[in-house]
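Naming follows writing order (A, B and C), and every chain is counted from residue 1.
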Amino acid sequence: MNKNLKEQVLRSSGVNVLKCMRCGKCSATCPSYDEMEYHPHQFVYMVEKGDIETLMKSESIYKCLTCFACVERCPRGVEPAKVVEAVRLAAVRQQGGNHLEPTDIPALLDEDLPQQAIVTAMRKYAK
Amino acid sequence: METFTYYPGCTLRTKAKDLDAYARASAEALGIKLVEPADWQCCGGAYTTAKDEIATKLSAVRVLNSAKEAGQPLITVCSACHNVIKQTEFDISRDEEMAAKVNNYLGLNEPYVGGTKVYHYLEMLRDVVGFDKLKEKVVNPFTGRKIAAYYGCLLLRPAKALAMDAPENPTIIEDFIRAIGGTPVIYSQRNECCGGYITLEDKAQAQKRSGAVMDSAKDMGAEMVITACPLCLYNLKKNSGSDLPVHYFTELLAEALGLKEASNE
Amino acid sequence: MQRIGVFVCHCGTNIAATVDVKAVAEALGHEPGVVISQDYQYMCSESGQELVKNAIKEQKLTGVVICSCSPRMHENTFRKAAASAGLNPYLVEIANIREQCSWIHKDIATATEKAIILGRTAVAKVHLNTPLNSMESPVVKRALVIGGGIAGIQTALDIAEAGFDVDIVEKQPTIGGKMAQIDKTFPTLDCAACILTPKMVEASQNERITIHSFSEVADVKGFVGNFTVKIKKKARFVDETKCTGCGLCTEKCPMKKVPNEFNMGLDNRSAIYIPFAQAVPKVATIDPNYCMMLKTGKCGVCSKVCSAGAIDYKQQDTFIEQQYGAIVVATGFNPINLDKYDEFAYNQCPDVVTSLELERLMNAAGPNGGTLLRPSDKTHPHTIVFVQCVGSRCDDEKGKPYCSKICCMYTAKHAMLIREKYPDTEVYVFYIDVRTPGKNFDEFYRRAVEQYNVHYIKGMVGKVTPKSDGKIDVQASDLLANEQLHINADMVVLAAAIEPDKTARPLATMLTTQMDTNDFFTEAHPKLRPVESATAGIFLSGACQGPKDIPETVAQASAAAAKAIGLLCKNSITCNPCVAHSDELMCNGCSSCEKVCPYGAITYIDKEFRMPDRTTKVRRVASVNPAVCQGCGACTVACPSGAMDLSGFSNSQIMAEVDAICK
């Protein structure tokens, strides 16, 4: 358990993970569930346990769509998506932690792609 | 004539020119004056919810502040801009620490701590123009057309901040469809994410999600899908594998008002 | 000269752990008029009370201050002790150094200082206390029960059995409530109607019980033993005394497209209707929102076919006024509205139903004659998914914060009944926890799993997608298998949270009873006075006080009846002597007090006064009826001239307390 990382994630997300009653509705409603190694309810529980590094290393942090389905539907108001985002930020803010570099972009473009997709990706995956 | 500060956002200048042109032409016909602020910047496309993210929120605050200085409500069309700006407004008017940090960066004449009324274009149609009044102005009604409203994830959630419509039971686009003479198709995936955000990261997932949305709409008998989001439009068209047409809601609005040809010129 | 005794209680460690009780006793011993100041471990104990009594006698005390727990707890105990030692009980004051001091402070120095101030304040007040004598007030030997569900029926039957008259006010056209809509009951699976309807009939035939159906309480005045209640009998456009309940009118009524409330809107009824076959009273009612005669003046079929001549299109709402000694609230519950939870597609798909709707779908008197068919296409469902905790156990913004208590058991019942009757049906239950504390309850749930093979899955449903082929995609989590499931279902049943009836809130205002933030009535003490409200003479029965199943409701209904009977047995009750009185010479006749009095205790009279010049002058002055006044003190605050004062809490006493705090 990494206490500092846990505190950073809790502070940055503004989420009180202790409100979770472990119903699993976040994972039931998540459209990216099958793409994730760790699922929304596990994010909340692992942050509570302080097991942040495992999450930071997992590809799951890039699979969350930030669609807020879990936030809207959580019966306890836990806001799991904000936890995922805080963990992802903890990862990309590390030195060399960028998941996407501007140089990667040209290869990903097609003629119809709105640039909104690019700014969004940079915002989510890089410092 | 009511005047609004109009924030088009980056994509409406390039890939989503239609969304913009139809919105402007229709607004004028409906007696709404849209004024674009000088020197606006891209909102960033995604709202970073983290409390320790400040820089990524500044451009949205600048827009909110220019509307405040102009003494006008702010209007947006793109779902993403709308989401970012409304979440920013919600947070800055409640989170004093965030407001203090933002204002330290910006050094505005007067600190911005919230207060600008933000409308999505659809809200303007509902709350300022009124769907009944809109209905009276329709010259080319979409009679008999089965149209599916696609809200996606950005327009409704988080409901506390967006406060646009009931997040699980929205009616605003359906009411819009009725106003222009069409028949709304209710399908359960209308408020689920299409996966557009992840199109650069994981094409397969974007394909799967957008496919699920389009299949659900088609399954319930839709002839077309309408959206307010350029990224959704791209993703639903490009990645879903569906043959169902996808349009901007403003395009249908302009057509219903008899302005489509004119605004294309 | 006052001789005051101060007694400081340790309450074990409840007070003594945070307050230096010896220092408090020592400090208060120096207050003016205090002749004895002692501390003791448990002042409320027999020996503690003896200490007080002996001191009163030996020291010839003229006033007593007890520094202990809240006066709500033991004020009465010490007043009785004082009275038995020959001191007027209203010369006793309590300083609350537990709830308002030791329990909320951590630091001993601060808590001790505050305890001393509170004690000093009570001493200052007791200096000005005067002996007060209670009056007696007669008890009307009749009870009112508000709500005619199983709770209200049971309470009324018990009160009538004890020999008292009792009236039931029910807002629906029939008594029976929610239990009448339920098919089978857990954990015995006996038929709800078979055990309820005999009680409904018993209530209607008992000569001591009067049922006011289709009626509402419009106004409540008075106080314990002597309430005056105005009851609104809503126009049903049928003369109750003439209608024989033959039902011909309901058959012939041409307006047949009215959603049937009794079947949860799953089928239709006519505009003139009898809610169900065993309705009590079995009398027709016209629904003015749908009746063509009432809406347009054209039709009149029911009137033509009624051989009893019972139809009366001109009937108006009428009001009756009645005195009661006791009132029992039994307003019950309803399932919540599910608009906020449409991820479960309740508004999008007729085959997504609530559990109460499922009861009707499975009931022999329901829309399908007891065969379980999907509402959409009347086919047999083969896969059914149950979702627990819909709207229960939520944070305040999302729904109800409490557990609705009955859902785990009725869901197990539904699952079991379906598997029993239709063994080819697969049944899934998504649960967060299965809560089955109750006699034979867990055994019942285990039977559903082990004997009936109901699939219990630890997880939650997240999204329900109705499809054009009539199937329903249920997306859910299985937390133990760590996977997301999709079940291709035919029906989805939502265990909606329950909430108090909407009429409860305005009723609580009329009754001046307390409610919690969820609009459940608050009991006088959560453990020791569970069926009494904090307002004397108002008792609580059934789910209006909190979620309850039928056995608990009936137990509480009988308990409420016992409390009401205890009151009705008395010929008179002792009134609180702490009531308001007006100084006629100071009263300027402004009516401010009359306007704020919640009990209607103040009237104005014209009175002759002799003036200094020997003339007489008639002035309008306030007069308080001490039998009606509850001593709330609103009038004393509203009075601009200072004429109104409250015995036991006089203006001068309160100012003395304030001075003592500020000293």
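Here is the rule we use: a residue touches a chain if its C-beta (ideal position, glycine included) is under 8 Å from a C-beta of that chain, and two chains touch if they have at least 3 such contacts.
The model shown is predicted, which means the values in this text are computed figures rather than measured ones.
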Chains adjacent to subunit B and to subunit C under the stated definition are A
Pick the pair with more C-beta contacts: A-B or A-C?
-> A-B
Where the centres are mean C-alpha positions, what is the separation of subunit B from subunit C, in Å?
-> 47
From the C-alpha centre of subunit A to that of subunit B, how far is it in Å?
-> 24
Whole-Å gap separating subunit A and subunit C, where each centre is the average of the chain's CA atoms | 46
Give the residues of subunit C that touch two or more other chains, as numbers and ranges in rising order.
-> 343, 397, 463
Multi-chain contact residues (two or more partners), subunit A = 69
Note: subunit B residues in touch with at least two other chains are 168, 192
Subunit C residues touching subunit A in their complex are 343, 389, 393-395, 397-399, 432, 458-463, 475-477, 479, 482, 484
Contact residues on subunit B for subunit C in the complex?
-> 160, 166, 168-169, 186, 188-189, 192, 216, 219-221
Mind pulling up the subunit A residues that touch subunit C in the complex?
-> 19, 21-30, 33-34, 39, 41, 69, 73-77
Contacts from subunit B onto subunit A in the complex sit at residues 9-11, 14-16, 42, 44-46, 48-53, 56, 78, 80, 153, 156-159, 167-168, 192-193, 195-202, 205, 209, 212, 230-231, 234, 237-238
Sort out for me which residues of subunit A touch subunit B in the complex.
-> 11-14, 31-32, 35, 62-63, 65-69, 71-72, 81-82, 85-86, 89, 100, 105, 108, 110, 112-121, 123-125
